[in-house]
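Order of writing sets the labels: A, B, C and D. Residues in every chain begin at 1.
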Amino acid sequence: MKYLEAIRLAQAELLAEDKRVFIYGQDIAGPFGGAFKATKGLSERFPERVLNSPISEDAMTAIAIGAAMDGLRPIVEFQFADFASVAFNQLVNHAGTIYYRTGLPCPIVARLPAGGTPGGGPFHCQMPEAWVSHHPGLVVVAPATVADAYFMLKDAVACRDPVVFIEHKYLYYHLEAEFDPRTAEHPGLGRAVVRRPGEDLTIVAWSGMVHHALAAAAELDANHGISAEVVDLRCVRPLDSETILASLSRTGRIIIASEGWPVGGPGAEVAALVAERGFTYLDAPPVRLAAQDTPIPFHPDLFAAHHPDDQAIVQAALDLAKF
Amino acid sequence: MKYLEAIRLAQAELLAEDKRVFIYGQDIAGPFGGAFKATKGLSERFPERVLNSPISEDAMTAIAIGAAMDGLRPIVEFQFADFASVAFNQLVNHAGTIYYRTGLPCPIVARLPAGGTPGGGPFHCQMPEAWVSHHPGLVVVAPATVADAYFMLKDAVACRDPVVFIEHKYLYYHLEAEFDPRTAEHPGLGRAVVRRPGEDLTIVAWSGMVHHALAAAAELDANHGISAEVVDLRCVRPLDSETILASLSRTGRIIIASEGWPVGGPGAEVAALVAERGFTYLDAPPVRLAAQDTPIPFHPDLFAAHHPDDQAIVQAALDLAKF
Amino acid sequence: MSDSALRIKLFKTMVLARTLDDRMAKLKAQGEVAGSAFLGRGQEAFSGAAGIRLRPGDVFAPLIRDQAGRLAFGESLLDVTRTVLGRRTGPMRGRDGNVHRGDWPAGRLPMISHLGAMVGTVVGTLLARRIAGRQQAGDLNVGVAAIGDGGMNTGALHEALNAAAVERLPLILLVADNQYAYSTSTDRTFACKHLVERAVGYGMAGHRCDGTDADACLDTVGEAIAAARAGKGPQMVVADLLRLAGHGTHDDASYVAEDVKSRFGDCLQLHERTLTQQGILDVAAIAAMRDEARTQVEAAVEQARAEPQPDPAAEEWMARSERDLVNLRAP
Amino acid sequence: MSDSALRIKLFKTMVLARTLDDRMAKLKAQGEVAGSAFLGRGQEAFSGAAGIRLRPGDVFAPLIRDQAGRLAFGESLLDVTRTVLGRRTGPMRGRDGNVHRGDWPAGRLPMISHLGAMVGTVVGTLLARRIAGRQQAGDLNVGVAAIGDGGMNTGALHEALNAAAVERLPLILLVADNQYAYSTSTDRTFACKHLVERAVGYGMAGHRCDGTDADACLDTVGEAIAAARAGKGPQMVVADLLRLAGHGTHDDASYVAEDVKSRFGDCLQLHERTLTQQGILDVAAIAAMRDEARTQVEAAVEQARAEPQPDPAAEEWMARSERDLVNLRAP
C-alpha cells in the first residue's frame, strides 16, 4: 500500500463506518477524486458526504467548524498546504479557541498536502507546521509512514480537538509498505516513536525528513561506526517530550532535522525543549538542520540544495560526534 | 512624550519629509485618527496620503504591496494585531517572497497594535511575532521604549524589506519618556541592546515584557543581591545573535521572557540559539517564561495570571541562580 | 402586517434590550466592566425581529449590536450579566467576554471578533443538518448570521455567502447598514448604491427594509426567513438604520454627521408611537413593561454581582478537550 | 468593430501564444520542464485582446492562462522559455517558475499562486499612481487583473474589488469563465446566473462577451479599458469560453462534459475563419504567420536551452534586500 492509498483507505472506512464523517475540499468529488486522488472513488459511494467546495479556504474551514459544532466529523482537504495560509484565521483564532472559550469540542481535521517536490516552487512546497503549532487548542500531526498515514488519520478524526494533518506529497506515491490495517499495532496520536534505536546520537525528524534521517542512520552505521537513534515526532504539537528526552538521555547528542525554514517551528521548539529539560543529558550542543532561509526555489537543482538530505544529516552527525 | 505620541510624531514627520509615504488602515483618517489615535491630525494635513480602508485586511496588505512595488512607502495600520491573521497570506507568501523571487524590494510597514490589556480577551490581546517570524523575507520588530517607537518606525520605513512593526497597546499611554528626536542616539533597526548591564544572569525580552524584565532586575539587585542583565531584542527577526550570545558569555545564565504562548515563537528561537551557539557559555539550562497555553482570557484576574510578570521573572531568576 | 401579539412581543423585546444595554453602559461607567461595552441602541427593531422569527432548532450568529435578537431567541438576562461582569457562572466563565458569549446547544453561536468569520460557521451548521438528514423538506431549520455595512467587505463573508448559495442552504444574512463602520462612513467602505445589490451576485434573494420601522422589520425578516425555511435558498436582508450610540462605550460618536442623524429616528420610540396610536398598547402598559424590564435587569445584575469570579489559581489552563493525546486511538 | 490592423495583430498574437503553449507542452512531455505546464488554449482571444488594449505605463497581473495577453503586453519569448526551462538568465533566475514570471518594471506583475491575491496588488499600484500625481485626468494608466470563474470566490478578490471601487481606480477585472475551476464545474462554484451580475454589488461597470469571438473580445475589453482610462472607475469584463486543454499538462480534462464541449468553439479557428472570410487575411499570410511563430519560438527555446542553469553553490540564499539590518538607520 502506498502512503496516499493509506489516506484514501482510511477516509473510505471512516465514511463507511461513521455517518458523521464528511469531506469537503476543492476538486475532491467525481471521478476526478482530488488533485492527488486522495478521495478517488469516494464521492460515488458517499455522494452527500464528499463535496466539492469553491476556492474559498476561509469558508471551507469555517464550514467545517460549524459542521463539527453541529455534531459532524468534517475533514477538509486543502489542495496544497500552502493555500491553508488563507484559512489561517479560522484555524488558529476560531477552531483553536472554541474549546477554551466555551468548553465545547471542535473536532475538525484539516488535511494539508505539504512538503517539497522538484519544480513545485515557492507556493506548492511549504511545510506549514510552524504556522499552526504556536497556537493553543490545535493538534498538529505529520505522519511519515504508510501505517501512520492510515492510523493517524483515523485517530485524528476520533480526536475531539481540531487536528491539522500534514501529509507529505513526495511520500504519496514514493512510499510504499505492507501492513494489515486490521491487525497492525500502532501508537497513540500524540506519541513520538523511535524508528531506529541507536546509542551515539539522536536524530529527531518528522514527516518526509524521517526517511532522510533513517537513510543517514543506516549510512552512519554502515560506513562510520556511529549508531544513530531516529525519533519520529509524528505529532508536532503537542510534542511527546518524554520520548524525546528519553532518547537524548541515552545518546547525549541530538540533531533536529527539518524540511522547513530555520527560524522557529518545531525545530526550534525541540532544541529549546532539550536545552531546558535535557540540559544535563547533553554532551554537545543540539544541532538544528533546516532549509535555506528563502522561499523554496522552482529549479530542481536549487530545490535539492534548499533542504537538508541524508548527506547533510550524515555530515552533521560526523561533526557532532567529534564534539 | 508617550509611546503612542512617538509613533504619531514619526508618522507625521515621515509624511512631511517623504512624499512616498502613505498610511492606509481602518478609521485612521478624519478627526477620529485611529482606534488608538496613532494618526490623529494626520489626514487633515495629508488628505491624499492618510486613507481609511474598508474592513479588508487582505486587500489592505495587497494594496500596500502594490503601492510599494510602484515606488511608495506604505504604512498599513491594522486596528488590532489579532486581525492581521486575515492578512497572513499576503504578509508571508506575497510580501515576504517578492525579493527572493524577483530581486525587487517590497518596502511596506505593517503596524500591528499588539499585546494584552485587561478585558481585551482572546481576540484583542495577541502577540503576533510567531506568526511572521518563521518566514524568510520579513523583518519583525517590537519596540519597547518611546525612543524606539519613534526611531524604529522611521528605520522601518527606510528599510527596503517588508517590516512587521509590533506596537504594544499597553505602552501606548502608560509609557512616557523624554528624548529629543533630533539629537538622541539610537541603534540600528536590527540591533538588540543591553538595557541594563548585569553579571549574574541575562534576561532576554522584547516589547512590553522588557519593562517587566527591568523591574525584575531592579528587584533582584535591590533585594536579592543578584545582578541581572536585560537584553531587549528590539528586532525579533532577524535576531541579533551577537548581542545575545555576548551577554550570555558574560553571565552564563539566561531567562527568556515572553508575553506570547509557550510553544514556538522568538522564545523558542532564542533558547535554541543559545543552546546551539552558546552551549559552552551556559552554566545552567536556558529558562523560558511564557504565557499560559490557552487563548488570552477576558477576566482581568485570569488575564493577569496568563502571562509572566515581574514576580514570575524574579522567581525564575532565584531558581536559576541556585542551579 | 404581522399580528398584534408579535408586534407587542417585538416591542417588549426592544424595551428589554434597550434597558439592558443602558444598564450595561452604566455598569461600564461605574467601572464594573472590563473592556468596552457594545450597545445595539437603534438597531433593536431589526435584530429583535430576526430573533422573534426564529424558532428552537434554528441557528443564530449575532454580533455586537444584537442584544435584542439574542433575547428574542432565548438568551437569558443572566447569561448577559454574568458574561459582561466576567462571572465564573456565565456561559463563558470569564474566559471570554461580553459580546462573544453564546450558548451553542441553544443555537446561539459564540462569536469571534474577526468580522465575517461567523457566517461560514452558520453555513457549516446548516450543511451538517442536511448531511445528517435532520432537515424536513419545506420546513427547514434556518440560520441567521448578522453583519454590518463594514463587515460586508471582508473576504470571509464573501466566501461564506457564495458557499451557502452553491449549496442552497437556508441562511439568512442580516445586514445592519448603520451608516458607519466604527468611525468610517459607508462612502469609504463600499461603492454600490445599496448593499442589497450584492445579493444577485451570489444568487441569493435580496430584501431591503427600513430598520427604524419595527413592523417593516418583522415583515421583511419574516418573509426572508419563511423563504429560507421553504427551501428557496439563502436570503439577504439589508436594513437602513443608525446606531444611536458610540461604537463602544468608549466612543462618543462625534464623527456622526448631523444630516445623517436627522435621517434616522429611534426605532423604539417609533414603534411605541405606532402601537399607541393604533391602540395596541397604552401608556400604562408600556410603563409597566419598562418597569418590569428594569426590575428584571436589576435582578440579573444583582444576582451576577453576587456570584463568584473566576479564580486564577483554580483555572485549568487547558485549551484542548482531549487530555491524553499520547494514548489517543480511534475506538 | 475594431480596425483590421488590430484584428490582425490579435490574430498574430493568438497564433504566437498557441504555438508557444504547444511547444511548452511538448517540452514538458520531453521531460525538460519541472512542475506542470499551464496552457491558455482556447482563451487566447480574451487574454490577447486585453494585452493589445494596454499601453506602456499600464499594469497587468496575468494568471496561468494568459500567455496571449502577456505577449501582447510586451513579454518576450525568451522570458517565457528561460523561465519555463528554469534558466538563470530568465527574469525569475530559476527561483520561481513558469507562470509566476513577471517583469515589473515593464508593468507585468509576477503572480503568486494564491488565487485572488494579485488583484489587490494591482489596486495598490493604481492607488500609488494617483497618490504620486502620476495620472493624467481623463487618460489614466489602467491596471488589468485576470481571474477565473473559480478565483471569483476567493475572499482576497472580494476585498480587492471593493477597495478599487471605493477609490474609483482604473482597474479592469478580466474574468475568464471557462466553465471549470480545475475539475469543478461552475454549478459547484457559484450560484448567480452569470458572473457579471457581481459587478453591480461592487459598484463597478459590468461587461460581458463571447470569449470565443476575438472581435467581440477586442471590442468589449476595449470599451472597458477605455472607460477605466476615462475615469469611470473599475470595470468587470466576463467572457464565456472553454479551456481547450487540461488544467495543466498533467491533466487530461476527462471531466469536461460533452455538451459543454459542444457549446464552445476554438477562438483561434473562429478568428481565422472570420478574417479569411472577410478577406482580411489569406491562407498564405496565415501560413506565413504560423511559420514565423514556430521559428521564433524554436529560436527562443534553443537560446534558452543553451543558457546556464542556476548553480546551487553560487546561489545567494538571501530573502531580504537589506544586507545589514543591524546598522540600518533612516538617512
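The rule we apply is simple: a contact is a pair of C-beta atoms (placed from the backbone, for glycine too) under 8 Å apart; a residue touches a chain by one contact, two chains touch by 3 or more.
Here the structure is a predicted model, which means the values were calculated and not measured.
Of the two chain pairs examined here, A-D and B-D, it is B-D that is joined by more C-beta pairs in contact. Placing every chain at the mean of its C-alpha atoms, the farthest one from chain A is found to be C.
Chain centres here are Cα averages; for chain C and chain D they lie 44 Å apart.
Between the Cα centres of chain A and chain B there is a gap of 30 Å.
Each chain gets a centre from the mean of its Cα atoms; for chain A and chain D, those two points are 36 Å apart. Once the centre of each chain is set as its mean CA position, chain B and chain D turn out to be 40 Å apart. Along chain D, residues 92, 95-96, 100, 112, 114, 116, 153-156, 159, 162-163, 166, 188-190, 318-319 each make contact with two or more other chains.
Counting partner chains per residue, chain B shows two or more touched chains at residues 54, 56, 58-59, 82, 85-86, 89, 93, 96-97, 100-101, 122-123, 136-137, 238, 293-295. Of all residues in chain A, those touching chain C in their complex are 19-20, 22, 48-49, 51, 53-54, 56-72, 74, 89-90, 93-94, 96-106, 136-137, 139, 151, 154-155, 157-161, 186, 188-191, 235, 238, 240. If you check the complex, the residues on chain D that touch chain B are 91-93, 95-96, 100, 102, 104, 109-110, 112, 114, 117-132, 155-156, 159-160, 162-163, 166-167, 318-322, 324-331.
Against chain C, in their complex, chain D makes its touches with residues 116, 153-159, 162-163, 165-166, 168, 187-193, 195, 197-204, 233.
Those residues of chain C whose C-beta lies close enough to touch chain B in the complex are 33-36, 86, 92, 94-98, 100, 112-116, 150-151, 153-156, 181-184, 188-190, 254-255, 309-313, 315, 317-319. Per the touch definition, chain A reaches chain D in the complex via residues 26-27, 29-32, 35, 52, 54-56, 58-59, 79-80, 82-83, 85-86, 118-124, 292-295, 297-302, 304-305.
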